[in-house]
Every structure is written in structure tokens, then in C-alpha cells.
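Going in written order, the chains are labelled A, B, C and D, and every chain counts its residues from 1.
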Amino acid sequence: MGKVFDAAEVANHASPESCWVILYGKVYDVTDFLSEHPGGAKIILKLAGKDATDEYDPIHPPGTLEENLKPEALLGTVNPDTLPKETPNAASSTAETNEGPPPVESFLNMDDIEQAATKLVSKKAWAYYYSASDDKISKRFNTEVYRSIMLRPRVFVDCTRCDLDTTVLGHKLGLPIFVSPAAMARLAHPAGEAGIAEACRSFGAMQVISNNASMTPEQIVKDASPGQVFGWQLYVQVDRRKSEAMLARINKLDAIKFIVLTLDAPVPGKREDDERGENIIGSMAGAGAAKAADRSADDTPNVDNASGGVGKQLFAGTDPSLTWRETLPWLAKHTHLPIILKGLQTHEDAYIASLHTPQVKGIILSNHGGRALDTAPPAIHTLLEIRKYCPEVFDKLEVWVDGGIRRGTDVVKALCLGAKAVGIGRPPLWGLGAGGVNGVKRTLQILADESKTCMRLLGVEKVDGLGLQNVNTRFVEQQIYDGPSGLESIRSSFRAKL
Amino acid sequence: MGKVFDAAEVANHASPESCWVILYGKVYDVTDFLSEHPGGAKIILKLAGKDATDEYDPIHPPGTLEENLKPEALLGTVNPDTLPKETPNAASSTAETNEGPPPVESFLNMDDIEQAATKLVSKKAWAYYYSASDDKISKRFNTEVYRSIMLRPRVFVDCTRCDLDTTVLGHKLGLPIFVSPAAMARLAHPAGEAGIAEACRSFGAMQVISNNASMTPEQIVKDASPGQVFGWQLYVQVDRRKSEAMLARINKLDAIKFIVLTLDAPVPGKREDDERGENIIGSMAGAGAAKAADRSADDTPNVDNASGGVGKQLFAGTDPSLTWRETLPWLAKHTHLPIILKGLQTHEDAYIASLHTPQVKGIILSNHGGRALDTAPPAIHTLLEIRKYCPEVFDKLEVWVDGGIRRGTDVVKALCLGAKAVGIGRPPLWGLGAGGVNGVKRTLQILADESKTCMRLLGVEKVDGLGLQNVNTRFVEQQIYDGPSGLESIRSSFRAKL
Amino acid sequence: MGKVFDAAEVANHASPESCWVILYGKVYDVTDFLSEHPGGAKIILKLAGKDATDEYDPIHPPGTLEENLKPEALLGTVNPDTLPKETPNAASSTAETNEGPPPVESFLNMDDIEQAATKLVSKKAWAYYYSASDDKISKRFNTEVYRSIMLRPRVFVDCTRCDLDTTVLGHKLGLPIFVSPAAMARLAHPAGEAGIAEACRSFGAMQVISNNASMTPEQIVKDASPGQVFGWQLYVQVDRRKSEAMLARINKLDAIKFIVLTLDAPVPGKREDDERGENIIGSMAGAGAAKAADRSADDTPNVDNASGGVGKQLFAGTDPSLTWRETLPWLAKHTHLPIILKGLQTHEDAYIASLHTPQVKGIILSNHGGRALDTAPPAIHTLLEIRKYCPEVFDKLEVWVDGGIRRGTDVVKALCLGAKAVGIGRPPLWGLGAGGVNGVKRTLQILADESKTCMRLLGVEKVDGLGLQNVNTRFVEQQIYDGPSGLESIRSSFRAKL
Amino acid sequence: MGKVFDAAEVANHASPESCWVILYGKVYDVTDFLSEHPGGAKIILKLAGKDATDEYDPIHPPGTLEENLKPEALLGTVNPDTLPKETPNAASSTAETNEGPPPVESFLNMDDIEQAATKLVSKKAWAYYYSASDDKISKRFNTEVYRSIMLRPRVFVDCTRCDLDTTVLGHKLGLPIFVSPAAMARLAHPAGEAGIAEACRSFGAMQVISNNASMTPEQIVKDASPGQVFGWQLYVQVDRRKSEAMLARINKLDAIKFIVLTLDAPVPGKREDDERGENIIGSMAGAGAAKAADRSADDTPNVDNASGGVGKQLFAGTDPSLTWRETLPWLAKHTHLPIILKGLQTHEDAYIASLHTPQVKGIILSNHGGRALDTAPPAIHTLLEIRKYCPEVFDKLEVWVDGGIRRGTDVVKALCLGAKAVGIGRPPLWGLGAGGVNGVKRTLQILADESKTCMRLLGVEKVDGLGLQNVNTRFVEQQIYDGPSGLESIRSSFRAKL
């Protein structure tokens, strides 16, 4: 590591035959790695011979390099004086911000925060966070469906006291709102997922760490307070050893109380905003893994696809072959943490999940923020569908929801219909982009304040006092699935197995 | 009071340590009062050392100062020659109006009047009147729901004669339209609530005086005609003695025939247009009262809230702990006036109210003009919900409605569905802003004319001839609450108490 | 009549004390008439001392002057050389049209024609034709309701032959489309109602002449072809002798086969576009009649109303006291023509009408083009309501509809649901404005072509082959009145009378 | 053919008396043909004396001239040096494209492709493809109805494998998506229908050749691969001999496996975008045929119609007199190919079709892309209507659909509801316009990729695994026809015939 290179010398190695890059002041020979990079060689070659730190850093957790490169790939360091000086016009992954960002106190609602973040984060980050599949019908409907539920305020109820305390999986929480797993928080702000954790800490809010976080789980939970609750999201990899190694790391972290197994995206949805982006990101997280089934176009004729966007690249290596029969037992071998299944969208699957207690402790009704299958139902639909076909699920499992939450009234409506906790995905990322840790705090503060105001005006003091009597869902009821139910055949086949 | 100060000397007292202000030519030392001001010290300090009359006047009824300051706080008078001369650019709480306002005859409908007022009143006044909670869904829906009800005109009916005369609580009225309680009319126009009273007088219309009126009840009813009917709105204060004192004053005013107890806003809704305003108002009305429960953010971590807007400040001191069991008996001790409960939004609460006759004589179905809980139901929904679940309420109580009325057809539709009287909140304030007393008259005139035209075209001569046969509510019926009713448990618990 | 005045001399008589006007080259002293003019003195005084022909002509049928002025009011003639020369900038009641109007062949649909006419006719004419009551909800809904009905095309049906021939009241017609009564066609084009008659003649289409036509019935039917069918619309006047005189004239015109008694507008609706217009028209049609009940504002306090628009002025003198019991027998005394009742909007009234055969031969379901009561139901609603509650009406009466027709598919849908004939009100006026007689022909041609194409694609050869099986009205069915029906009490009271 | 003319000489023959045109360098005397041209003489006369190749070529398949002109009409050749040189401003039927078209890889969805094509193709081509009848309500609704169907993704299903293979009429296909018959592909791109065939070949997709293709069937199927499947669309001509001759040609082409008899457009719809176009096209395809019944205006008075657009001209000669009783037996005499009936829009007609097996093997539910009757139901409606009234149809016939498909989710939804194959009409034409053969491939690629992603996210591996359990059609069910069914009378009359 003693060798010091001039930038000009590094620049000579900018071809597939000899490809060097500078990262954090060090010079690496990545020629052999080109063919293994899940994002493809092209993305690396664009940065060949140059300092790639700005592109690489916000999307790779520490340790990624070390895991994927052989020790001899590290050639030495670069002489910093020989690097081109950054100019105001230099390519930067975050947008320029001549004037400072607005004070977080000026944000009154989620829209304010999203707008501020839209101006502050890079186009790439915006595209990745904002995007949803196809025509974004599910994304929009996720929010609109809450607007179509009416509240039923009661009067002459003492609402001096009101709090949002609740218990989830036996853990006390200050808020029934949790942060849903969402990838790559450092695209929004250097504080990253650890910044979200800091904000959650102030509110007693739960956080689910994304499998594709831009920081390591260890970094994220490092400053956890005694009662702080984290979950960790698992995308099972085709190369199971990778997932097993990761689970082993997670099992060691006391702050992580459960595993969230995401099921609604065995293959990536088509997120066009993201795909239209610059696509210069190559996640090394899944490097070496087989090119996965999501490359659905590969077996069709030779009309090139667009390069795919951040979302598709993050999916590289994800295993699309999970099943009830195989995956849960495998998981039991590698963790004793409770399992939460995420992405259920039918009463049938909720019912099957309820047959997998006690390993499975809960389910998250979610359509992946509208990012998986467009025109998939919002969580509220699935919640009402379960109520209609198999309400006993609520007795066996905790049912959480996410998607579309923009107001405290939305949180309260979901709770009234039986949700134990309500997840937010994009809002904390926009908060992070708009104001770092304080932006996330502001996000949680607004939703908490709005939720409490809502509960008081409904005349309800405690979260567990909320119920069906507080909402008018007549409009939504008219949209809920009314076709043939698979419950009977599920029951028969389950009885047969016993 | 003999001492005369130069403005320059007053200007030296502009700090928390020594804070003087000029009001109506007098100089006050408000240093001790800073900590008691319900709107907070900051608002006063902005005006410290200056003439605060323009900011103070339109939002404080006469007597407020005297009630809240000790006599020795009055230091003397200011030498008017030493005050800075007002220039056209000087801060003014009302917008500049180079050309005079349009003649009221040119207004053909409520929208015309709102548009004119929007141009004429100060931004602060506009924000306070226009605002509603969250996304203003209830505010919009209040109006839209009337649009979705169809009328059923009958033909070959002699409609030569038609009048709007009606009887409410035994009082004869010229119109079934009343002015709902709405705060701070002098923000719109110096004529204030007394101007509204003058307009009502011409039409035999009833007026409910806001608890937060910018004039005293005595001023407002001063010129009442013999048959003129007023109600007075009560927000019960945490410091009950204040409310009791106020009731004692009200009991002495013959023109005030009933008390309206507002129940739909035990804590303030989130009115973002208002909160984004300049927020320089500090109501002294509730000065000295404990900071109330509505400061819902206070017990959450240190992310400052925006200062809150006019609406939130007016709530300071309001008691959020009212109950059927405690509040009505307390009220019975302090007034013999009939009680009207305002803000009922469920059939259950309407039913409970009907069990509290004869003290309670009526209810006002209202969602506070969409200003309390967003997505709360419009009064029309509650009206139809009562019809569906417990129509006997109509026999026991007078049922009034407000919210969303913009046309005479809206008034008539509410009457057809069983309302005895129909309240308007924003329209008379816009009328006041657009043309003073004549603007309010024009508002009432338009609605009266439209209502009569509507009745004639329906073939109905008298208000009490209107009924279900005159409206097609099929569309709305499909939205009405259809979930579990709390009636049975209310009946059991009420029987248990007997 | 020998006296010849200079214009300058006439100009000296421009006050209420002495008011002269020039009309068609003659000089009249209208001082005594000022107080009798139903449009008010003000409108005449604006033109006092001047040549009023341009304002007067397009809205008064010939003979109006003679009927309303005493012979001695005619003072003489004006010396035309002394009149100011008309300049391109001179006030003209029709808009300037530098380039000629577009050829009628370029119009493909009703919207094209309305757009062209909007550019070509005077603002006053546009406002009068375009306007509808209040928020124009019924006007828009009249058209939208047709869009929500779906058609059910059948295949493998020989559609070589297809025609629109039909029979109405026993008269053979070439089209099931008729021209609804609409006032003052000469506002659109000098060809006026006679021009509409000429166009109808080419198509075998029926025309109902407005009570407020800008030409005399005699002029309009002058060139009627042998089989051409006209109706005449009656607004009964407070001064019955006027109506009786008019009926006597109508009875003498062979081409007029029936009387249409308009019932949906006993008082005028509030047509704001019209009221915002210049309002310089004073119809003399009802001169001398008592100021009628429609001045609903008169008995309310002194906030002046806007002057009212063309629509309100035309209503002056209309009798709002018509009843089944009095009006029909009176009418029987003055005409033996079949009676068609126009403006029925409930199944109850349709049913009562069916009890008044044989004098009443038909009904027109109509909400007056949305010009009477806003949010009144479109004719399609009433049609379906009759089908639902009392389909026997179709056996006793011919049921016609009007309002909202913009496409041949609309015509066919109404016929499928049971209408015998379908009226168009604004389209022929826009046609007249856009292209005179040829514009009206184009209007009828387009609707005829579209109707035939529709029938062929449905697989139906003849108008009487259309039926419920050809339309899907599921969406509209969900909106139809479902409340208490007045039929039972109508039946009892009718039985009691027998 | 030896004679060589100067252009100037040809230019002398530009009148109805002597009309010459230049086509492909040859000079023709078309004077006698003027009266026979189905598009009318006017269109030819506009090009008389000139080189008409650019106008003629893209809309006439080769051989058209030879079939319609006598040999002696060919006078000789033109001296090319005497022709005017084409300048950049010269009239060209395709729009200018200074910069090259965007690469097809940049298109992410059907909208991208339509937008690109809109810029690249001529206005005439755009108008012809884009247009639909009247207000385009059916065209829009065709797409929107898919948006209102929700999907029901199942989780924990291995979706490693997934393919779109299917079998239609016993033929193996790589895609359940077929190209619907649509006229005149060469208007979009010189590759024309053969280019579409080339693209289909890559995907194993089926193509139905339009009766009005701009290339001959022989040209289109020339390079067919062994398993490639074509259908041929028949519009039966009034002059049956023409249709019989065409069928004889088709019968000889092995690649054509079935005949699609189009029934939903016995007369042309009113496509206003098309009619507003320049209308300079005169199809010779039907030359000599009687002017058909679709000239519905001809028997009405003399208000000229607009010339009619491409769509109407293509219809010239089409027989509107087809019936179940006559047409199918006639067809049986002239082809043994299976018959697919296209354009069924009611359950009644689907049921009748099911009584005509085995000659009829399938039906295509279609409203002609919204181009026939506006407000006709989308195919999804008819599909659900059949399910409701006579699901046995699915056992007897293959049911295909087309209209409105813009996403793979749309394809999958139609398959879930029982469609065996899903047609796309405009998308391949836009693809052709946007990028020639590669544009069509991109179109198919996108839909294939989206469909597979959808199936995987639903948890379904094979097309025949899709079913009602995968979709929530609650919203659409509320729109389906609910009126009187004609099934009973069909059954009786069919029994009577046996």
C-alpha cells in the first residue's frame, strides 16, 4: 500500500484490458472484477481511470469493496495534489444548493417535505425514490384510498389526555408508525440510515433496515437506545450463503428484534422514472451472484432493453424461487428471530401466513409502495379483504400496513381497521433529503401531531381504543374483491398435510 | 394618566426586561404580562416600543386590555406628533384598495362575493377565513355533497306566493338561514359582528355570536330589533370562572335566546393556510389561562412547531375535557337559556343529545366548516345517518346544519332532509369583507332569492312544505355510514342510569 | 305621419319628461309608455332621442309596436340624411365578421357549430343562448348523462336500409328530432324562426314555435309545406286575454298541430351569464302586464338586484299560478288543439298527466335546458323514473324529451328508452348563428346522419325497432330517484274526484 | 410502352375530359376511370397531369393499378429529367425528420412509442391511426377499463420460470398477443405489413392481415417461418366476386390459417380527426363497386358533407347486408379455413356464434378500437357479460379480445378473464412509424416483458394458470349490462330451426 500514483498514471488504465479506479484516495485494479459487477462492466468503465468516490460512496455500505475484491487489487494510493480540483460545475451526485435548505419548522406536511427534498437531492436519488411501477396507479391509489375513508368524530369525550403509545411484538413503542425498509438512504443525505435511526430514537419509533441499506446494520444500530426496536429486511439471495452470512451478522445485533422477509417483489417492477435516470450505479452488494430471473427480457429477441435503473440493479442476485414449504424452514435454521412477512396482498396469503405461527409473528400488507405490480391493491384493500373473508387472522398475527400514508388521519384510519403498526417508506427519505436527521424528526413529528389531533377529535385516548366504529369505509367496501376465495382449498390442503 | 411620552422614549422599552406598547394613543408597560399572553411573548415583542394599535384592534373586543392588565400598567399617553406618519407603504392589516370595491349589486352569487373579499381583506384575514384542516377535503366535500343531490320539481302548482318564514325554538324568523358563529369579523371590516347583526335584522335572520367575536356581545346586540334572535357560542374555558362570568353577562342580554355549545373542536384542527400566515396575532381573550392540551406537540421531542396561526391561538384556554355527564349540569347552574349542541357528526351523538331534553333543545350538525378534522362527514351525511338509524331524533330536537352552503338550492335541500335551520359561516364574513354591512345584506339577499326561486320551481309555498319527496339523494345514500351502530349500547347504558 | 324630423330635433327628447325614439325611420313619442315597459324605463331612456332600431329589431316580432302604442304616438318620420352614418365601430348587435363565416360543410359536429356561432353572434345573443341556471350543473349533466349510457351493437344484421321516419301525434315525420321552443332566433341571424322552419322543411322535422319568438307565428309558418308540422308554445299570461287572443290567432294556422304548455318555468331560473350581459333589451311582448311574481326580490330589503338579463325580462307577465284543476279546462275553452305538457320532471307528474287524456296527448320531459332549476334531473332520469314507477304512462301518452342532445347516439339512446321524439333547443340556434338557414340544415343533417349510423351499427332498421335491449343504462339506474313515491296519494285523490 | 413523354405534355391532361397521371415513372390515361374511383373523381383530379406516386404508393398494394385499368390506359413513360426536382419543401406524405428518430431502446412503454410516431409519421397517417368515432369515448374507455381492474398478487410462489407460450386454434404461439387487422401500414413506414410480419416472427406472435393492407397478402407472408401464424381479415364486398377471388388467393397461402370476418363495422363510424385531414386518398381497392349504403347522407337534403376521411373511403364497396343465415354458408363455399368472427359486443351475439361451430372457431370481442360506434362497450365488458349470461360460450369457442391494450398488465387481465388471445391494433402501427421493423419488435418486446413481470408477480408460471382468482373486477362488474337478455328468444328460434 506504499505505492503512490499520480492521477495521470491512473488515467492510463481506462480500458477493459486494464481498468483502475480511485476510491477514497486509494487506487484499485478492477479489471478482473468487471465481468462480475452485477450492474455490468459498462458502468465501471465510464469511471475507469478516474476518482469514482462520489458515484460509489452513497450507494455502497462500508465493507463492500473488501468483500468483493481480492487484497492484491489494492495497488496503492493516489497523490491528492494530482487530482483535478473540484469546481462548482463538477459532476456531483447531489444537486447544488446555493442557498441553504429551508428550516424544517417551515414544513407543515408531507408534501412540503417532498417538495423541499425534490429540490435538494440529486436527480438520480429523486428518480429512485419517487418512481413506482408502470403508470403509478397503485402509488397514487395508495394515498387516495385513505382520502375516501371518512372519519366519525364523537363529541363530549374528555380528550385532555391522548398518546400514541403502543406495543408491537411485545415491544413498547412511542408511535404506531414505523419506518419501512427502503434502500440507499445516503443517496438523500450523508446521515443515511443511521440518521433515520437517530430520529426514530427521539420518538420511540421502530425502524426496519433495508437489505439494500447504504450503511451496514452495525453502523445503523450503533447508537440504539435501550428500548429502541429495529427489524432487518431480508431479500433472500440466489447464493444462499450470502444470506446466511448476513443473518449470522444480524443475529448478533441485540437491537434487531425481528426479520422482515419481503415477498412482494420476487422480480422487480418496472419503474420508468428510475429507468429513465442516468443509471450509473452498480451495486456491488450482490456481486458474483448469478444473473437472476428478473432479466426477463434476456430470453426474448435482440431488441436491447434500457439499462434498467437503480431498482433493477439492486435486485441482482435476489432469489425468485421462494416458497412457503422451503423458505421458512431454511430461515428457521438460520435465525430464531420472529419473522414478519412483507408484501401480502390477498386474504388467502394472509390466511396461509396465520397457519405458520409461531415462527411467523406478523404480516405487512403492502404493495411495495406501488413499486412492484401496478394496479395491485393498496394495503387498505387487503385489510378489508381479510376482515371480510377471514377475520380470525387478526387474532393469530399482528397485521401491519404500509403505502400511501401522508397524514396522521391516514395512520389513524389504518389503526381503526385493525393495523397494529403503520409503515412509511418515502416520507423519511424525503425528510432526510430535506433536512437530514432533523428532517426525519420533522416528518415523524408532523405525523405524530396529526395523529394525536385526529384521535382527540375522534374522542379516543389510546391507540387500542380505535376501531371500526370510528371510520366510514362504505366507499372502499364497494371496491373490495368479491370473487372466488381460495380459502377452502387452502384449508383442505393444510388439513391434508397434518 | 397625565404623563405624555415621546414615541422615541417608548421605543427604548422594546426588550423582555422592559416592554412598552402604544395602544389607542396610550402607553402601557406590558413587561409583566409577557409571560401570560396566550399567543406567547414573541408576538408582543415584535411590536415592543411601537404603536401596536393596527395589529391589536381588529382582533380584540373592547375591554380586553382592562380585563388583563393591572391599572398601574397604564403609564400615560403618547405625543401624537412624535409618532411616525403612516405612509401608503406602511404595514397595514388591510390590503390597499386603490379603486373602491365593486358595488354589491354586481355580485350574483357567493363565489363573486368571496372573490371580491379575497382582494379586499388582508392576507391574514383571508388565511384565517379561508383555511380548513389538512387537505381541505371536508371543506370541499361540504359543498360538493349538495351538488350531488338532485331536486324534483313539480309542475302545475300555483307558486304566486312563496315565503321563507319559519319558526326556530319558538321564535319567528324571516329566513331559515342563520349566521353560524365565526370569530373575528373585524378582521374583514370595521363594522364587525355588529354589522352582521344589522344585516340580519333586515331579513329577520338569526345570528350566533362567536365566543371569539372581535366585539363584545353587548355591542353586537345593542341595536337589536324587538323580534331579532341571537344565540351565543360558548367554548368552555379551562378556567371555568371565565366562562361563568361570561355566561352571567350573556344571561342579561334579552336578545340572546340560546347558548350554542361547540363540541366539534375540543382541540384545534390543522389549518395550514392559517399557519403559513404571519401569525402576529396574540389573543388576550384567554390570557392567564393554562396552556391547554391542544399544544399536542409539547410533549414530543425538540423539533419546533410553526407558530400555529390565528386558529390555534384562539383556542388557547379552551377546555378539552367536556363530557355529557359533567358539562351539561355545570351549564344548567349558570344559565337557563336553551342549549344547542354544535358539531355533532354521528347518529350516536345525535341520539344521546335527544336523551338530554329539555335542557338541550337542538343540535347543529357541523364539521366546523371543515376546520376541525379533515375527512369528517358533511352535515348532510349526518342528517341522512340520523334518518337511517334513529329518525326519532327529529321529533325530540331541532336539527340544524351548517357547512358548505353556497346556493339557495343547498339551503332548500337541507330543509327537505329535515333541517330546521341552515347556517352559513364564511359567506357573511366574505360579504362583510366585500362590502361591509351591505355586503352581508347582499349575501343574505342572494341566498334568500335563490331559495325562494328554488321553492317555487319545486312547487312548494312554505318552508314546512319541503320534504323527502322533493330531493333525490340516491347518490349520497351510497356513501352513508353502514358499519356497526353504537345505539344499542347507548340505550343500555342510559337505561342503567335511570 | 307627414311630418319629417331632423335627427337633432329628436335628440332633444331624451328625458323621462319627453322621450322620443326612432324606429325603422319613424319617430315615436314613448313618454307615456315608459312606465308600462316590462323591461323598465331605464332601457328605453338609454336609447332616448336616438335611432333604436338595431337594438329593438332582433327581439321584437313585427306588430309589437302597434299593439303597445297608441296611434298618436307616431309623430312622423326622420330625415335619413340627418342620421349619423354608421361606421365600422358603431354599436351593432351582431359581432363584426371581417372574414366570412366558415362554410357549413366544415362543421362536423354540434361543438363545431357552437364554436363558430360563439364567434359570430353578439355577446348578448351568446349570453342568452348559452346561459343556464346557477352553476349550470343540470345543463352539463343533461349532456353527460347520455355519455354514461352504453350502446349494445348487434352484428350480422342487414343494415342496407335504415331510415329515421317516424310518426308523432299521428303525423308522419322524416326525423324523430324536433326543434324545441327557444326564444328570439333573430338575435342569432335575421332569418330567425322562419329560417329554422325552412331548414326543418327539408328534413320533415317538427318545430315548436316559442311563445317569445322574434317573429310572428304567421311569418314563421308562411311557407309551410303540406305535411310540415308545427307546435306552438304557450306561456300563460297573467292577463289571460292576451293569451286567449294569441290562441285565437294560433287556432287559425293550419300548420300548427298542437299546443305546448310550458310548465317547468313558472318563475325564471337564475341565469348568471345572461344577467351579467348588457341587459339592454326590453321586451314589449308583455307590456302593460302586471309585474309578475317572479320579481322574487321585490319584497325583500333594499339591496338592489342586478337588472336581470334577457331571460328574466321575457318572463314578465307570465302567470305563475297555473294548476291542473284550473288551467287545462280554461285551455279547452280556447283551443281544440292537442295539448303537450312540457317540463315534467317526476314520475308523479307524468302519471297525473296520463290521467288527463284525451286533452293531453303528450308530455315533454325537460328541465328547460338546465335554465330553470339547477340540479333538476335530466330528461333521461325522468324517463327511467317513469319506467320504474309507472310504465303505463308510455301507453297513454307520447313521451318526448329534450335537453343535452349533442350526438346522434344521444337521440338514439333516448328513443331506445321510450321517447317518441327528441328535442333540440340550443343546437338549431347555434346553427342559425353559424350559418343562417344552411347552418340549421347542417345541424339537422349531422344529427340525422349520426343517428342513422348509430342505428345501422346497432343493427336496427326503423325507429320503432329500438328498445331497452339496445342500451346499457346500468350506471344511470344507480342515480334514479329511489325515495317515497307520491303515486298512491295521487291515485286516491283522483279516485275520490271521480 | 415505348413512348416517352415530357412532364409538360402530361401536364396538359389535367381535366375531366382528359386526365393523365404519372405513377412509378409511367404515364396513364385515367379519364375513363374517374367515374369508377371509389374515392371519387375529385381526388384524382387534384393530381391530374402530375406525378401522383407519393400520394398513391403508400395506400395501394401492388397490382391495384393493373386490376383496375385496362392495358391501353398505359400510354408510355415519362422522361425523368423533365420532372420537377423534389425540394425540401415539396409536398411529402411523410413528415420531415431532420434529426433521426430516437433509438427504439429509449422507448419504455406504448405512450413513448405513440409519441415518437406522432412526430415521425405524416399528419394524414396520424389522423387515420389516431382517430376514433365521435367523441372517442369508447377509445378512451377501452384503456381506462383495464386501469379499473385490480390485480391480486400471490406471494411465496416460485417464479423463476415463466413464459408466455400458448396455443391458439391448435397452433403454438410464443405470445398470447396478436396483431389485429389494421389498414395501410405503409402510411407509417415503407416496411409496411411485411415489416410487422417480420417483427411477429421473432416473437412467435400471430398477425391478422387487414383486408385493406397496403401490401398484398402474398408479399406479407412471403418470408413466413414454418410455424408462423397469420389470419386474413375479410370485409365482404357488395360485388361478391371480388371477395371470392380474394378468398381463392388466400386459400392458396399456407401461412394463413384462418379468416377473420369483421362484423362490427358494416358501415363506417364517424372519425372526425380523420375526416378533418386532407382526404387526398382514393383507395382503388374497391374500384367499380357500387357506392355503398354507408353514404348515409346521400338520401338527405343538399347540405354537402365533408369528404369523409381515409376511413370512409376504405369502406367503399363493403357489403352492409351480411346475416348469419346467408353469409356463413356463402363463406363455407369459398374457404375451408376456420372462421373467426370479429366485433361481437353482446352476450347474445357471442351465444349465437357458439351455435355456429364447427365452421366458426372463435370470436373477437372488439369495438373496432372505438372506431365504429362511440359508447359501444369495451371488450372487457362483453367478456364479463358472457361470463354472466352464458359462460358456456367459453367451452365452445375461443374468445379473443382487442382494444385499449397499453400494458402487459392489460394483456394479463384479459387472459385472467378468459381471453385466449389479446389483440393490439394501433401499437404495432405506432411502432412501425416510430422505428420500422425494430419499432414493432420493441412494441412486442415491451408488452411481452411487462406481461411476464406481471405473471411472475401474480405468482403464475404459465398463461393457462391465469384465472378469475387473479383479478378484482368489482368496479367493472357494477357497469355490466343488467337489462333484458335476448338469450331465451335466440334459444327458441334456434330450436325451431332444428
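Quick notes on this structure:
We take it that a contact is a pair of C-beta atoms (placed from the backbone, for glycine too) under 8 Å apart; a residue touches a chain by one contact, two chains touch by 3 or more.
Here the structure is a predicted model, which means the values were calculated and not measured.
Chains that touch both chain B and chain C: there are none.
Where the sister copies chain C and chain D meet, the same residue numbers recur on both sides for under half of the interface positions.
Relative to chain A, the most remote chain by averaged C-alpha coordinates is C. Separating the CA-averaged centres of chain B and chain D is a span of 64 Å.
If you average the Cα atoms of chain A and of chain B, the two centres end up 45 Å apart. Annotation for chain C: residues 478 touch two or more other chains. A list of each chain pair in contact follows: A-B, A-D, B-C, C-D.
Residues 104-106, 108-109, 147, 149-162, 202-203, 407, 409, 438, 441-442, 445, 448-450, 452-454, 456-458, 468-469, 471-475, 477-478 of chain B are the ones touching chain C in the complex. Against chain A, the residues of chain B that register as touching in their complex are 134-135, 137, 263-270, 272, 275-276, 293, 296-297, 300-301, 303-306, 320-324, 327, 341, 343-346, 348-349, 352, 367, 372-377, 381, 478-484, 486.
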